[in-house]
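Heads up: the structure comes next, in structure tokens.
Going in written order, the chains are labelled A, B, C and D, and every chain counts its residues from 1.
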Amino acid sequence: MTDFDEPTAAAIATTRADVARLHDELVRYGLVVWTGGNVSGRVPGTELFVIKPSGVSYDDLAPENMILCDLDGHVIPGTPGSDRSPSSDTAAHAYVYRHMPEVGGVVHTHSTYAVAWAARGEEIPCVITAMADEFGGPVPVGPFAIIGDDSIGRGIVSTLTGHRSRAVLMQNHGPFTVGASAKDAVKAAVMLEDVARTVHIARQGGEVLPIPQQAIDSLYDRYQNVYGQSVDDRRSAS
Amino acid sequence: MTDFDEPTAAAIATTRADVARLHDELVRYGLVVWTGGNVSGRVPGTELFVIKPSGVSYDDLAPENMILCDLDGHVIPGTPGSDRSPSSDTAAHAYVYRHMPEVGGVVHTHSTYAVAWAARGEEIPCVITAMADEFGGPVPVGPFAIIGDDSIGRGIVSTLTGHRSRAVLMQNHGPFTVGASAKDAVKAAVMLEDVARTVHIARQGGEVLPIPQQAIDSLYDRYQNVYGQSVDDRRSAS
Amino acid sequence: MTDFDEPTAAAIATTRADVARLHDELVRYGLVVWTGGNVSGRVPGTELFVIKPSGVSYDDLAPENMILCDLDGHVIPGTPGSDRSPSSDTAAHAYVYRHMPEVGGVVHTHSTYAVAWAARGEEIPCVITAMADEFGGPVPVGPFAIIGDDSIGRGIVSTLTGHRSRAVLMQNHGPFTVGASAKDAVKAAVMLEDVARTVHIARQGGEVLPIPQQAIDSLYDRYQNVYGQSVDDRRSAS
Amino acid sequence: MTDFDEPTAAAIATTRADVARLHDELVRYGLVVWTGGNVSGRVPGTELFVIKPSGVSYDDLAPENMILCDLDGHVIPGTPGSDRSPSSDTAAHAYVYRHMPEVGGVVHTHSTYAVAWAARGEEIPCVITAMADEFGGPVPVGPFAIIGDDSIGRGIVSTLTGHRSRAVLMQNHGPFTVGASAKDAVKAAVMLEDVARTVHIARQGGEVLPIPQQAIDSLYDRYQNVYGQSVDDRRSAS
């Protein structure tokens, strides 16, 4: 068993508990089926992150079977859960943590409406105020990339860097979301599917009305900086 | 702690319990995600209303963290929950209470189909008898307005004043509903999403049939005045 | 309190329990919102039926608040629940029981997809084998009729008499289903919404393939006469 | 009561428990209504399989009312559940087990989106990576065939033999899925509805982008051979 100093061990334990529990939100909001989808969280103050194991039922996820990895996506031997394989998307998560130091959490799902936009390679236009609040504009599309090397991670990072959106629709694949914490990334995944569904349905009924850019900027600025009970809740307000 | 006389304290306690519990209906009917959406209720016989706190999970709502406000939307200091911020839509609720004395409850959601109509700025035509019963005709669209001043509240009041509908679709934003009580406003929010979804789907399949205006008038009149077990249930019948 | 002989009292008690419990299926399958929708069941061997009260939450339905009526739809005084009003659709249920002696149960909902077809006044074509099994062909549309006299009941009876379908889509209003028992009528309501949704979605994607009439006849005949564990389950097989 | 040797009796007991429990997944993912749908599992090392009874509520399924059949679909007399009729689709399941020795489980549902494609007789194109992973390409359509002889079984086997897909859409009817085990076939049924829905919605919004055949091959190969925690989990990874 690897030895960690006390504060690191405590931070790992907290992150394991948070990441395990946050998977319940993916189920609650219908973003995943079977064992699909995954949440990870960076362990604050370390070069480590915690991620879901591969192929384990959502009913069976617990802090002790979450898997601890370094920022190259290698499992830390001798830690709880290290006898299992981490999520098959671990390399993509690791790439994001290595290249986006401000990111504390990453989520990947195949949620229906987000994947539908991704299958057309079409960004989601910002036509509802909830999108302006949460994503600050359209949700962009990332390149087609398949598992096996760093191409998914590179596509996420190159698309999101310098973009207001915390979500990217990887073409023909599905969404990845990032956040200041694992909870924040899960919130982005939930809100993304909500706006992907709403804008899809809006367009099915006819032409949607644009929101002026100035109003989008104003909504985004206010939502990111003014709302909420505390720094932690800043992105959770209503 | 602010001192209220006994009847006022009792009315506040009842309103806190009602408003807290009614949020469960928004979850039950899938009208909200994460911490979005809010219910408020006027405290009968006072110049006060109770509203949801900002950024608190639906799992954690309870009478004691509901927030008591005056009709300008200011939190009453020293009351339970007053250490938190009220819903970011508090100013709009307050405006409605100040200008529509008959309103005892206000609800705001981003429910999918209602927002879809709002994103097109299109009123929902009254083509099903349930809409005639509940809304007495089409559900109207209110102006585009963003948070920060009274413009949302003004848009709600100017659209609903003199209109049969208890629901308004604020353009590019989403629905606000009002009612004689918080429960009545929640019922309107639930029925609104139901008819928004049904009429959307009806139109996707081809041309819908109009209902003659005389039949709409007759249905509305009967539903509002005849049905139900008592005054309280008048809008809950079937 | 009205006196019934022992077998009648027992039959009433069983019907109350069945009808109360069957409402849970409407909720389970998402066919109703708020207090909408209603189930009734004929009391075997009597000129009576049991129906849901008006405006009571689905959470609060119980055998003792179901309402006992005669076949003119009048509440039997002095029986449990007789202090409340019966469903606002009671007159339509009563009309069906008076004119269709083979009917033991009636259900009315505003389920989304069935209402969508009703809003266009369009019958559901029989393009999936499950429809042939259950309804023996297309599901027909009944006339536009509003509450207040026998016109809804007459529309149901005139449409369903001599028709294989146990479901009718009342124009601009919604579905009524009938069955040999209340359970059978509830099953028809559940299956109706399922096929209304499936055929709607099938058509959204392009042209649907017809099923030859001979195959429809063969499927209907087999399903109604061969399947199931017993007479009671004949319509419940798979 | 039929006598089985100890290992056979144990294998039967395990299969009964698995098959009974796996039906819960059909309910959880909304693939079935009322008593529709069925799961079966081959008893390893025998010429037997276990299948759902006909017309029994999902709430009442238990290991002891699952029905044991030989590979001609005849119920084994004197075994638990043998007083009931097996699923009306038993002949089709039996045909598959006789002709596809590699198949350990079969599932049939009328899940909405899969049936919608089947009603148009249209294969589901492989435009999302999750489909490439799971099905290795498009999901094919099988012939129109009605209950009463071996024609459904023959249609399933002739369509799936030599095809990567573990799912077939029987025209105007619905999906059958197969797998190495009952769990694997259930997973295929769940994933099928997910991709049927997602691709339908993607196409409603406009033109979908193809995935290059080489990428499909690479994804399928990797998913079937590399992922997962063990042989058992190979198809459950993420």
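Following the convention adopted for this analysis, a residue touches a chain if its C-beta (ideal position, glycine included) is under 8 Å from a C-beta of that chain, and two chains touch if they have at least 3 such contacts.
Chain identities (UniProt): A, B, C, D = L-ribulose-5-phosphate 4-epimerase.
Because the structure is a prediction, the values reported are computed rather than measured.
Where subunit A touches subunit D, the two copies mostly use different residue numbers: shared numbers make up under half of all numbers in play.
Centroid distances built from C-alpha atoms place D farthest away from subunit B. Rounded to whole angstrom units, the spacing between the C-alpha centres of subunit C and subunit D is 32. Mean C-alpha position of subunit B lies 45 Å from that of subunit D. Residue positions of subunit D with contacts to 2 or more other chains are 204.
A complete list of chain pairs in contact reads A-B, A-D, B-C, C-D. Of all residues in subunit D, only 33-38, 52-57, 84-85, 87-89, 110, 112-113, 115-122, 144, 146-148, 171-174, 200, 203-204 touch subunit C in the complex they form.
The touching residues of subunit D, counted against subunit A in their complex, run 29, 127-130, 187, 190-191, 194, 197-199, 201-202, 204-209, 211, 215, 218-219, 222, 227-229, 233-234, 236-238.
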